[in-house]
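There are two complexes below, and they share chain A, which is joined by chain B in the first and by chain C in the second.
Right, the complex of A and B next:
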């Protein structure tokens, strides 16, 4: 006997990229997920531009002319944003690497109401990422935006 | 908390509340749309109760899934005001809002009709991770001669993940599932860990094909939303990270798991008086 199955008509209901941005009432880790991706993409986009600019075989005058171009307007601030993104990406990446291999995780336990989640037990690592990022970015802001212009 | 519920009941019970329900009839609608219904709240009314009231009194064509109505079967998970919840466990008063209550089918699943999601791919993913104990001594599994040893400590390693009711709330919360439709998903991955962590199991290698593929476990970047959405406290994101560690150990050749041996029936012991006989053995007769 031959069986056949009817293929029901459905309507797609995926949240798409909106699902990254809309954290809703979830914890901070869900926002960090998105921020990690955005900063990763930012650093990735910056890298080829940086390589193209710095790999030009120029004499001193040419080099200074190019450096003068990239020091105009909002470009230094854009560069600073890439730096901020890179610092956050690095520290949060270390947290994620450790998490991925179970080092910052709690041990499984019987679920007893009200339930708790392991993510809450490593919240200190999230705060540490923020503190480390703030310290390095603060120093970077001094170097990028103040020392470099005097 | 009890006082809060009393206050909320005082505030909302007996009042009319608007429900905005997503409707979609595949044979006549091109796209889903919202339809509003108003009902009077009664004490202890859950969102599922409200849906049933609407179906009984206002629109018998409204479709949704339900079965046990007590948080066991996992059929009635839906998006309630944007968050995946078991509607049978969500009281309308606890939502504590004067705005219309929006109920949609679970996100990241295709819609079959109204509030009914298509769970076929979800169940296929669960099936793909081989959700059963795998052992090299297959003969013992097919024709058991006894039980396997397992200490309470070994049980604790996987028990939490065995509470999964496959409601799909974790996939609706997962941002990776939002864009990667082929991603295995938190439910299947946590279920894989449930078996890998089981002291009786030897199936990690057999599960790797499904678990460690291009749309597998390393697409998870620990947003933790699945654990927050889980109505049973299963904490899938914990299971997924622990499974990653097991896979890493296996890949570097550091996984040394001895499967639980068969329990031996003690011999030569005398039963104390007054102790009732154990039940009949179910295996190895």
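Right, the complex of A and C next:
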């Protein structure tokens, strides 16, 4: 006697870690999701180092020594990159928060031809994330490059 | 605690960070915009002057736990998405993250409070 197989067919996770980065033909939002993770990890990796460095403020000699160390080579540029990542993460985070609670989502509708792409309803928010990030990072870059290194 | 509650805390911590990290970034990276001299913003007198103010004490004491929770919970979610992480390993990862987060919280809070008290 033959029984039906009740277990659903599963597929091997053949993309593995690459699946985090590769979104195939999904929209730009899928790649912003990856970028959100990359920038979040970057800021998180920086946090313990930042805590150790800033805790040196308790005495002047220690502070001046550590500030001398972090001003060397590419470290100030690396710190600026953390700023860029943090700004993007924040603006994209606002978009994700609003989407998560349904504020930027399209209303459910019958699929009547010609079909509309629901994701396009919140595409303006994606562009706004880029604009806001560019404005804040642009000002920060001006201060970093012109004012601080004048 | 339920996963949905932890996720809600993650979102709340993110919302809190938008405000307090905004203050931190404003002072450190957009200082000219707020009338602070960028050239001296990292000098010892400027840093210890800010540390002694009640406003910055509150900002940093809110920022520290919010940043640690938001960051470490985000990392935990990312690790847990890997299909080969089993239940036992998940528990150990959570414990390690709670322990390291608590350690950094105590260390950071000590520096903030000691900086305020001078």
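One rule holds for everything that comes next: the second predicted complex is superposed on the first by the 132 of 150 C-alpha atoms of A that agree within 3 Å, B and C clash if a C-alpha of one lies under 4 Å from a C-alpha of the other, contacts with A are read in each partner's own complex, and residues count from 1 in each chain.
FYI, a contact is a pair of C-beta atoms (placed from the backbone, for glycine too) under 8 Å apart; a residue touches a chain by one contact, two chains touch by 3 or more.
A quick note: this is a predicted structure, and the numbers were derived from the prediction, not measured.
A.B. asks: Looking at A:29 after the superposition, I want to know if it touches chain B, chain C, both of them or none. Which is it: first, second, both, neither?
C.D. replies: first
A.B. asks: Once chain A of both complexes is superposed, is A:144 in touch with chain B (first), chain C (second), both, or neither?
C.D. replies: Touch partner of A:144: chain C, not chain B.
A.B. asks: If we overlay the two complexes on their shared chain A, which of chain B and chain C does A:99 touch? Say first, second, both or neither.
C.D. replies: A:99 contacts chain B only, not chain C.
A.B. asks: With both structures superposed, pick whichever of chain B and chain C touches the larger number of chain A residues.
C.D. replies: Touched residues of chain A are more numerous for B.
A.B. asks: Looking at A:117 after the superposition, I want to know if it touches chain B, chain C, both of them or none. Which is it: first, second, both, neither?
C.D. replies: So A:117 only meets chain B here.
A.B. asks: Which partner does A:108 reach: the first (chain B), the second (chain C), both, or neither?
C.D. replies: A:108: touches chain B, not chain C.
A.B. asks: Can you list the residues of chain A that meet both chain B and chain C?
C.D. replies: 13, 17, 20, 37, 100
A.B. asks: Applying the document's contact rule, which stretches of chain A touch chain B when the two form their complex?
C.D. replies: Residues in contact with chain B: 8-20, 22-27, 29-30, 32-34, 36-37, 96, 99-102, 105-106, 108-113, 115-119.
A.B. asks: Can you list the chain B residues touching chain A in their complex?
C.D. replies: So the residues of chain B touching chain A come out as 24, 26-27, 31-32, 82-83, 105-112, 117-118, 156-161, 163, 173, 175, 177-179, 181, 197, 218, 221-225, 227-230, 232-235, 237-239, 241-242, 244-245, 248.
A.B. asks: State the interface residues of chain A toward chain C in the complex, per the touch definition above.
C.D. replies: Against chain C, chain A makes touches at 13, 17, 20, 37, 40-41, 43-44, 47-48, 51, 54-55, 57-58, 60, 63-64, 67, 83, 86-87, 90, 93-94, 97, 100, 136, 139-140, 143-144, 147-148.
A.B. asks: List the residues on chain C that touch chain A in their complex, please.
C.D. replies: 11, 14-15, 17-18, 21-22, 25, 28-33, 38-39, 42, 44, 47-48, 51, 67-68, 71-72, 74-75, 78, 81-83, 104, 107-108, 110-111, 114-115
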